[in-house]
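Order as written gives the chain letters A, B, C, D and E; numbering starts at 1 within each chain.
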Amino acid sequence: MVGTPVLFIAIPLLAAFLIPLLGFVWKESVRILPGLVLLYLLYLAVNLMGQVAHSGTIVEVIAGWAPPWGINLVFSPLTGLLTTLMILMGFIIWIYSYRFKNIDFREAVKYFILLLMMITGSVGIVLTGDIFNQFVFIEITSISAYALTAFYKGRDSAEASFKYLIIGSLSSMFLLLAIVLIYSQLGTLNMADIADKAHLMKPGFKILALIFFITGLGIEAEIFPLNGWTPDAYAQAPGPVGAAFSGIVVKAGVYAMIRVIFTLFDVSGTHQFLIIIGMITLIIAEMAAVKQDRLKRMLAYSSIGQMGLVIVAFGIGTEEGVFAALFLMLNHAIIKSLLFLSGSYLVYNSTEKYIHETDGLAKHLPITSFLFALGAIAIVGMPPFAGFWSKWSILSAAAHSNMILVIVLILSVSIIELVYYFRVVNRIYFFPKQKEVEPKRPTINALIAMSILGILILVIGFYPDSVTGYLHSASQSLLEKGKYIQDVLSTGQLFIQ
Amino acid sequence: MKKILVLSLLAVFGVYLLEVLFKIDFGHQFFLHGVKDFYLTTSPDKMGVANVVTAIVVNFRGFDTLGEVTVLFLATTAMSSILYKGRHQLGERAVLFSSSRIVMTGSKLLFPAIILLGAYVFIHGHLTPGGGFQGGVIIATGFLLMLLSYEDYKVSHVALSLVESLAGITFASVGLLGFLNGGTFLQNFLPTGGLNNLISGGVIPIIYIAVGFKVGAELTGLIYTALNEKD
Amino acid sequence: MEFKLFDLSIVEYAFFITAVLIILIGLYGALVKKTLIKIVIGLSVLDAGINLLLISVGYVKSGTAPIFSPALIKDMPLTLENIKKLSEGMVDPVPQALVLTAIVIGFGVTAVALSLVIRLYRHHHTLNIDEIKNLKW
Amino acid sequence: MIIYIILLLFLLLLMIGTAIYSIVQRDLLYAVIGTGVISLILSILFLFLQAPDVALTEAAIGVALTTIVFIITIRNTVRFEEEPKRPSKPASK
Amino acid sequence: MNMIYIVFIVLLGGALLTFFANRISGLLRDTFFLLTILATTVLFFTKIHIGDTVSFTLAGLNLKWGLDAFGWYFSLIVLGLGTMAAFYALSYMKGKDRLGYFYFSFLISILSMLGILMSHDLVSFFIFWEVMTWSSYLIVIYSGRNVQKNGINYILLSALGAYAMLTAIVMVYANIHTLSISEMINTYPQFSHVQQVWLPVLFLMAFSVKAAMMPLHVWAPGAYSDAPMAYTSVFSGALSKMGIYGMVIVFVSMISYLPDDTLFKETFAWLGAITAILGTLWAIAQDDARKLLAYSSIAQLGYIITGVAVGTDLAMLSALFLAALHALFKGTLFMAVGAIERQTGTVKFTEVTGLIRKMPWTFIASLLAIIALAGIPPLGGFVGKWMLYESLINSNHYILVIAIFFASTAAFLYCYKFLFGFFLGQEEKEWENVKEAPALMVLPMLILAAGTLVLGTFPGILLKPADAAMQTLGYASTEGHLWSMSILFNEWGDQVLLRPLVYAIAGTFLFFLIILTVKGWKNTRYVSTKDISSSGEVPLEYENLTFSVNFYQPFLRAVGPVMKKRMIYYYREFGSGMEALFDYSRRIYNGNGQTYAIYVMIFLVIILLFKNSIFG
């Protein structure tokens, strides 16, 4: 027994409260502490994953109250997988940004606190088994995200952040309304309990609550047309934060939405709705990405598109579809983070981040460019890299459900995606360098972080079996609604004393 | 045009929302086996906490409160991060209005009373209405009063973040101490005492006091940051 | 506090209607008004509406506040039956706990929003949201 | 008895009115005071609804802190909302 | 460990080693490169036997690799040409930068081609197909010329094809829950009719892109001419044959089972013929040797496609034969152009003339290849084309014969242009110091050119394995009745009925050639080709007056209408239309935060209004 799931929340919170204090004593500790915390959590996550594979879902009750009454954390194969992924990505992003704001200590303190909290909030969204608690974690994540988006002072970052905030506030309004409706009908806030009793709700309440959830969580999951804030926020946030958005925060949003749709309510027609809305998201985002002249915006739109694809895959609804969606989430987290991390070095000294400013940088930043190209090839689904396997599983899942139109649309959009990624890679490698651009060499820790991601892409690409086992058990655990309810509700002694 | 669009959107939204809400029988709860019955009986019976809301906030749903405290902490951090101008440019204090001597003296007199009230509120959180948040906010308003009446009133940044951090660490550590005796996070490990006694409710008062300090320090810091913002 | 307040049917839904109207007014402010501060005001009005809605959902007719104060208990022995009897006449404490959290969170978000407004004003020298759109497409 | 109901309805109407006022009012300072008033009424309503804890919180946070943060913002930016420009100019670019 | 794995590991490891050795020393890199390709060739042909298979599970899919006679035939082309091109590349690429990258991509593309040939299941087939696409793409953009145009065109069309194939593959997988190609072929007759029609269409789309068939050929001229010539020989000679390889499988094992298979076959036969004609015409119009050869490749592949589509025994045999032969002569020609490019720095007919004495070996190799290409006996091209004509006539495709014959005859024009433009004509002062290319470049050319000569005389060398390959596909052995099939052969084996005649024609031709050359040699008066003034009219300085300018002007004027609107024009129109649409669509994100919030409300309200139909 190395620990319990609650440590995923408690330890980072403790660290976040501790960081300002330690800063008075030893400045370097501010940078080191989050890394140590994340490393420990990674160790914990891997251990717990082993434990879960061995003995089934871990449900932890908090404050000693059994689930319908107390808040509980669920470390199932699914949530465990996502937690591990998020912590891993967080750790890599920490490595990457270790030297971030090297000069200005006071900014560094805030950066690391906010980053750590954003990761913790996302992990909390995934782990918690209580809808209101999930709302609180969503707010934690959002506030850190607002602040991190507006982190750079010289740009239009505040504008992006403000847009994010307006939409985010609407999101929390919808979530609260949904919670009100559910509570008024069932008198409980526990997800398993709600799922168990959902049939008791009057139909109007159920549908309306579902709609509010979809709208509120759809904003976090970046579905069209709720994603107006996304490109701005991604583009204006510092590079590692952009990576964290696409690698961690969105994943949590998608998870929350999927949990609501798959476990809380089983309303017929939701799956078709997911497919349609995911498809629209995918198409619009990829179309918008083609004509971008700014690198990070392009990556942001691409990220939206990929999330649309994830939602389509979830909408297929079969075990295969869920598997494919989770696989894509995993791959997207790794690859898109790599693209953001390497991309932000390619446009490091530029304020506008134009794509043409990356022209010919391959000569000056060979490794960064190579990793960017690797990411680009991988994300469009070229074998033998990671992206191919997820694309394959989505397509075969769709084919097994006889959704030929979905397949055709996905593939046509993939062609668009391929064009704009290859255009950029061509520019990096073959265009003459712009005179006024001064390339910035990546620091050693950034190189390490990017290389880890690159290696992960290759490992998953050449040996997908390294992850598919976990993904299969995760997708089963999402679909086994009865088991989830039973796992949670049968846990825990009442009040120990 | 835009107005008409928005108004019609809002009308549809409102109608659908009200249509459903009207199905709720106001004043009667639809559900039979909600969690509230358990809270209402367990809180006085087993935990010795008279204020059930406090029991819920601190113990049953104490995890939410931990998150909530974090949200405030993050809001403070976020605000100072957003308004940060760089190492060398610290802003001056904004003067909202110049205050007369009477106000100054009055606030000076009021200040201890307010702080005392705040402390009272959060210490008695498990007995009477109020608690850590309310008390913390009251304390923050006390500082606000001082900041408004005295242009040169300064709050020590170090002290603020010290209080804030220590209170936060206390909260999280008390939570972790719940693991003692094979318990769970945030579980009570102290004797509960009798109902309506000041020393009762196990860890609840400790947590609420920590929350009170934390909220007070955070809100004070937040206002202080905002006040120091001037073009 | 034992007045039979809500027996008349006029007020049956007055709370819901008011709450929804407040929400809609807040939304209108956030969606139509051009000034950033007005938008934030709209958002905070909206918060108020939601909080009112939450609390009114938890209200129980002629209930008391969920506090076992000495005045309420009087001299009853604190047996489980007595507690149950007392608790039946109490309003639902759960929404209150939720609203407590929601208020604080709402304040946190408002504070962040306002600091963003100050940043935006510093950068653009205007508060008109139509003029603050450097980022588009 | 009836006086309570009238008081209640009055408060509810006043709240709606204040909300409209603070959205419409062009002087932002007044609008902000309006939100303070909304919070005040809200906390009275919370008392009616038997939620003293929430009422206390709303009174402290909504009335005092939110308002003051708004006022500080207004001090740092502008006090009056811009007049709407009309006719609406054609979309440039 | 199985030898099949070892070959792949050797190739992959060699590619990586070559890539990293580039940082250490050039010599090491070259050594690794050469060793890898040689080791692969040797291992492949000695240790892997027809019928070897391996199978393993990856990501829950059963994958199977193995070698059959049909794959072996094509791997002969790949490795043969690959090895020659590798030797050539060592010298050709000397002194260029990013060589690690080039060699890496070269080896990976060889690997992917072998992988395609050895895949017995659809997923590995697709994976290797895609690897082939991006590795060749890496080389197409290697030079950095027109990457945004030609490179993107190439990858775009390849992806179009590949995704069509992927759609087909997932359809199959969903239907029969297995990925084995043979299983797919076996169960194909039981598919529903819609699928029976769509599967071959989707597969053929992928293969026609790689085989540069009309109207999916638009990538080819740019890609062929932009890749370094050392690779273009492989690109056009071997890589495009992967398309043919796939086509053969689809035609033999799928389309034959269709009730309306003739429609398919006729369509593709005609598409092949049109490709051949138009490719030839465009080739004639080129002034750039690389472009000329590129179009010529398109045309040649057109013949092969026609042969495959007609699909009788003889037609298939001729297609397979031509596929191998095309690799030989087109490989030679691209190498020759590469040699000229390296020695003179240009590949324009309008700039270089009279290299015959400067680069005699290159000339000889080109001459042989050109003759083979034009289908003149005694070289291999003749045998292949003859068999094609004969098979078309036997299967009553008379109009098709005329079309192919026209294309084939018109091919003489560009062949002549190539020879005349570069080698004949008068020597220019400018090219006085041009030397013959290094031996390492000349030898592979000569070896390949000699190959065409050998195959012309002893076609049995190639026909036997081709025959074995066809038997794998289910054709009856041609060995016994080849004689009755073609008037070309009087008995199976290496004897050609017309051989005496062939030698007579060839002898006459060579005799006159020698006479004329020797005669011309004596009586030549050298004037600069760029110093012509006619009728007292003094040409402007920038006017290029080389005789190669507007070489075939009258002819091109005659066929002009056909060539007026090129296919790429329509693609461009389509592309710019799409881009405009994309540009319009992103305006949804208009930058105003409030608008985004209104979108949220619109979304909500739409769902609310239609909630009964959405959530049934």
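Convention: contacts are C-beta pairs under 8 Å (C-beta built on N, C-alpha and C of every residue); 3 or more make two chains touch, one makes a residue touch a chain.
Keep in mind that what you see is a predicted model, and the values were worked out from it rather than measured.
Peer 1: Name, by label, each chain that touches both members of the pair chain C and chain D.
Peer 2: Joint contacts, listed by label: B.
Peer 1: Of the pairs B-C and B-E, which shows more C-beta pairs in contact?
Peer 2: Here the pair linked by more C-beta pairs in contact is B-C.
Peer 1: In terms of CA centres, which chain lies closest to the overall middle?
Peer 2: Central chain is A.
Peer 1: Rounded to a whole Å, what is the gap between the Cα centroids of chain A and chain C?
Peer 2: Inter-chain centre distance comes to 30 Å.
Peer 1: What is the distance, in whole Å, between the centres of chain B and chain D, each centre taken as the mean of its C-alpha atoms?
Peer 2: The computed centroid separation for chain B versus chain D comes out at 21 Å.
Peer 1: Distance from the CA centroid of chain A to that of chain B, rounded to the nearest Å?
Peer 2: The answer is 30 Å.
Peer 1: How big is the gap, in whole Å, between where the Cα atoms of chain A centre and where those of chain E centre?
Peer 2: Chain A and chain E have C-alpha centres separated by 44 Å.
Peer 1: Chain D: which residues touch two or more other chains?
Peer 2: 51-53, 57, 61, 65, 69, 72-73, 76, in rising order.
Peer 1: Chain A: which residues touch two or more other chains?
Peer 2: As it turns out, chain A has residues touching two or more other chains at 132, 136, 139, 143, 146-147, 150, 153, 158-159, 161-163, 166, 170, 177, 184, 187, 189, 208, 231-232, 288, 291-292.
Peer 1: Which chain B residues touch at least two other chains?
Peer 2: In chain B, 2, 6, 10, 13, 16-17, 24, 29, 34-36, 39, 51, 53, 61, 64, 67-68, 71, 74-75, 78, 82, 129, 133, 222, 226, 229, 231 touch at least two other chains.
Peer 1: Each pair of chains that touch: what are they?
Peer 2: Pairs satisfying the touch definition: A-B, A-C, A-E, B-C, B-D, B-E, C-D, C-E.
Peer 1: Show me the residue ranges of chain A that touch chain B in the complex, using the header's touch definition.
Peer 2: For chain A paired with chain B, touching residues are 4, 6, 9-10, 13-14, 16-18, 20-21, 24, 60-65, 68-71, 103-104, 106-107, 110-111, 113-114, 117, 124, 128, 130, 132-133, 136-137, 139-140, 143-144, 146-147, 150-151, 153, 158, 161, 177, 181, 184-190, 200, 202, 204-205, 208, 495-497.
Peer 1: Note which residues of chain A are touching chain C in the complex, please.
Peer 2: So the residues of chain A touching chain C come out as 132, 136, 139, 142-143, 146-147, 150, 153, 156, 158-163, 165-166, 168-170, 172-173, 176-177, 179-180, 183-184, 187, 189, 231-232, 235-236, 288, 291-292.
Peer 1: What does chain B use to touch chain D in their complex?
Peer 2: 51, 53-54, 94, 96, 121, 129-131, 133-134, 137-138, 140-141, 144, 148, 219, 222-223, 226-227, 229-231
Peer 1: Could you pull out which chain E residues touch chain B in their complex?
Peer 2: The touching residues are 598, 601-602, 604-605, 608-609.
Peer 1: Would you pull the chain E residues touching chain C in the complex into a rising list?
Peer 2: Touching chain C: residues 586-587, 589-594, 597-598, 601 of chain E.
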